[in-house]
Amino acid sequence: MDIEAATREFLASPESRNHIIDTRQFKERRPLEEVFRLADKIAGEIKAGKTGYARVLDGKSMISLFYEPSTRTRLSFEMAMTKLGGSVISTENAAEFSSAVKGESLEDTIRVICGYEPDVIVMRHRENGAPLRAATVSTVPVINAGDGSNQHPTQALLDIYTVQKEIGRMDSLRVGFVGDLKKGRTVRSLAYLLSHLEGNRLFFVAPESMRLEDDIRSYMKERRVEFEESEDLGEVLPEVDVLYVTRLQKERGSTAQDGSYYVLDRKGIARMRPGSIIMHPLPRNEEIHPEVDSDPKAAYFRQSANGLYVRMALLHDMARG
Amino acid sequence: MDIEAATREFLASPESRNHIIDTRQFKERRPLEEVFRLADKIAGEIKAGKTGYARVLDGKSMISLFYEPSTRTRLSFEMAMTKLGGSVISTENAAEFSSAVKGESLEDTIRVICGYEPDVIVMRHRENGAPLRAATVSTVPVINAGDGSNQHPTQALLDIYTVQKEIGRMDSLRVGFVGDLKKGRTVRSLAYLLSHLEGNRLFFVAPESMRLEDDIRSYMKERRVEFEESEDLGEVLPEVDVLYVTRLQKERGSTAQDGSYYVLDRKGIARMRPGSIIMHPLPRNEEIHPEVDSDPKAAYFRQSANGLYVRMALLHDMARG
Amino acid sequence: MDIEAATREFLASPESRNHIIDTRQFKERRPLEEVFRLADKIAGEIKAGKTGYARVLDGKSMISLFYEPSTRTRLSFEMAMTKLGGSVISTENAAEFSSAVKGESLEDTIRVICGYEPDVIVMRHRENGAPLRAATVSTVPVINAGDGSNQHPTQALLDIYTVQKEIGRMDSLRVGFVGDLKKGRTVRSLAYLLSHLEGNRLFFVAPESMRLEDDIRSYMKERRVEFEESEDLGEVLPEVDVLYVTRLQKERGSTAQDGSYYVLDRKGIARMRPGSIIMHPLPRNEEIHPEVDSDPKAAYFRQSANGLYVRMALLHDMARG
């Protein structure tokens, strides 16, 4: 399958609006703002101990179909559904424990699962493009919870929501990305999304072996996004409003002797601008020293918590039918 | 354990009515019709977006105890329970992750689990006869969700429900079975069930190595069911109202060079009678070509969806206590 | 980490009251009595088919975080939460399927999970002290569902609840422990708890290789608890009100040729006092012969069932917020 071509075709179809597959679906500012407004309202209610949204998906159900294990993302989606009053039917390791082993095609699996009448399917898969294939045959909304090295759109949405909440805007920003930019789907998804908003300038910091893939580079050029590539984190630190740190994707084959070069510590953050923030899709390994955690710039745990509200907002809209 | 003898003894006991272990429990037409009538009502409500059954198992809980993974069957049961308002406590791979590893007997496990006061236990096991052993010590209803190569009674119930719905009757039918008839528990379960209804004539098509086991053959003879065995699918295609296709049970050790002989494609279905249908317990591998899917004869995805309604009807009756 | 020192520090802190980590938290009789009174009330309601507690945790949610699989304990906690009307988000095998594999620290995992706003976290871990570390960073109550060979406090609570229910008191008892006393965390947890109550006399029966660890011995000495160690079960049988049998912890490396020495059978229990009981944390292997099960002294399945009520009582108090 030519995923790129299939994605373009999918994005051009009206059905794409029923699913969340790729951040390129979010070309307009308005739908983002609507999701974030709802996320804000939900977060406010939860913080205030109110239960206004606690029954909104009563009687609705979500199937978590995780072909690649991900405790974090799965728990976040499942908690989001649960907090809206919906039910969750879950599979923690579909690849190992399922009809996939018995040689069934993904399309057949989705057709069968749609017959069980869920209101939404949340799917993670090792293979790039798998959620797109699922969406093509599904009769219910499909949310891509990460496919291979391709996309992780709800991560990008919670990322940009975090930027908006922490910095107060989502445009005219200087955003630095550091780490494994080659294999990380979160960088790809977020870079696409930032490219749709005005005046953002992106900095990509990685050693040669982990540089950005060509497709993001061409996407940004096409959309006339200003960006720079560099191998020197020190140079970029004082420049950015947001520093987006990622870990080495060891499980996707990345290795780097020089990975240790990019360890952010107290000394490093001292060079960052006042009011700037550090983000990380988590889990982290050594790339951010724990001594950074207590600094107000360290936004990564707030960012992760924002995932709950953004996913509640998305499920709220998609699973009500 | 002599499973055959134990099953006969169990079927003769009044306790057997509390459990679903073997299709030989359904010797009468009436209970089948009652289940199917309820399944029809539930399906109608769901299709109409009504919520008449959405709270009927409120406060009731089901434990899914899957010693052999089966995403499909587990999700179907769990969704059925959820759609009736019940709760689900689930174990995706009890064999690997459980007290079984610590050397506990199945009987002890069931005694302990009954102490947690579930309203129903749904159990899949690699071993023939395991659900029967469970039912013997259980204080709550046990549903067999497939045991080894032995039985899969709820599959057979949804199969016959599908036949009734698609063809309009469940007797005086000509039903062909094709594929791996030796290892498949669905064929065994359904053949038993069809033997209890009047005037059905069965055709079994398989290569020598995958022929029917003797016990089904004797059961049919005992009940004077007309049946034929053949190796030629082409010969049987124009004869049947229902063609029940099954896949090679590779995970149970089946192999066949000539497996590819039985691939049903557009040419094949052109030879089938008007109004006849193709069923398959799914997952399918290559035995039905995807080009068949769009033909109205292709009933297998409707069949799978019917599983939800039949399981809702069964749980409705069994878990209310 | 020096677990012993960290535990002492934790137990001295007021935050410890929000969590259940170690039976040494229960030094007073009063809190135990309160939990047991609530467990009694809940058990009574369930037995009477009443639903007084069925909605008390409506809208609350529990995350089961099992780094070491345990069908039994997980199902018991999940059913307890469900029967109080709460929701469960579950991970059956966090060690294999999670961010742990991606190199995340336990502390980070807990911080992230707290961001999903559960009302309680139930955690099992292979590593001694892991739940303590979790509690230290958690913003919600953490319940230790077993950590390595260290502690299993809710098991000890249900054990002592069972003693109280079966014998009518939890002090002035003669309690024998037999089996693998070295590796079993249930023995450790329960011995601590019995040491806090007055007049209990403990007997420990094990072969040389599976004798009690020094820390329990010093704890009992410190608290002036009378205890005896022996290798002869026959000698101890007529002495005790409660015989607490445990299995060989094979998965923690225990082996014993003489393990078979301690098989309790009908002959053995004939030597026990009238009104005495046999307990076992289960699963059992060969250390109690099935012929004992039907004897009224055999309290182990009642004990296991009591776990549901005790865990409901604990969750009732901890997850209401």
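Each chain gets a letter, A, B and C, in the order it is written, and its residues are counted from 1.
Definition applied: a contact is a pair of C-beta atoms (placed from the backbone, for glycine too) under 8 Å apart; a residue touches a chain by one contact, two chains touch by 3 or more.
Fair warning: this is a prediction, and the values are worked out from it, not measured in the lab.
The two sequence copies chain B and chain C touch through a face in which the numbers common to both fall below half of the numbers used overall.
Copies chain A and chain B of the same sequence differ in orientation by 120 degrees, per CA superposition (steps of 5).
With centres taken as mean Cα positions, chain C sits 40 Å from chain B. Residue positions 90, 92-93 of chain A each touch two or more of the other chains. Against chain B, in their complex, chain A makes its touches with residues 59, 61, 63, 87, 89-94, 96-99, 101-104, 108-109, 111-113, 115-118. Taken together, the chain B residues at the contact with chain A in this complex read 46, 51, 54, 69-72, 74-76, 78-79, 82-83, 88, 90, 92-93, 247, 250-251, 282-285, 301-302, 304-305, 307-308.
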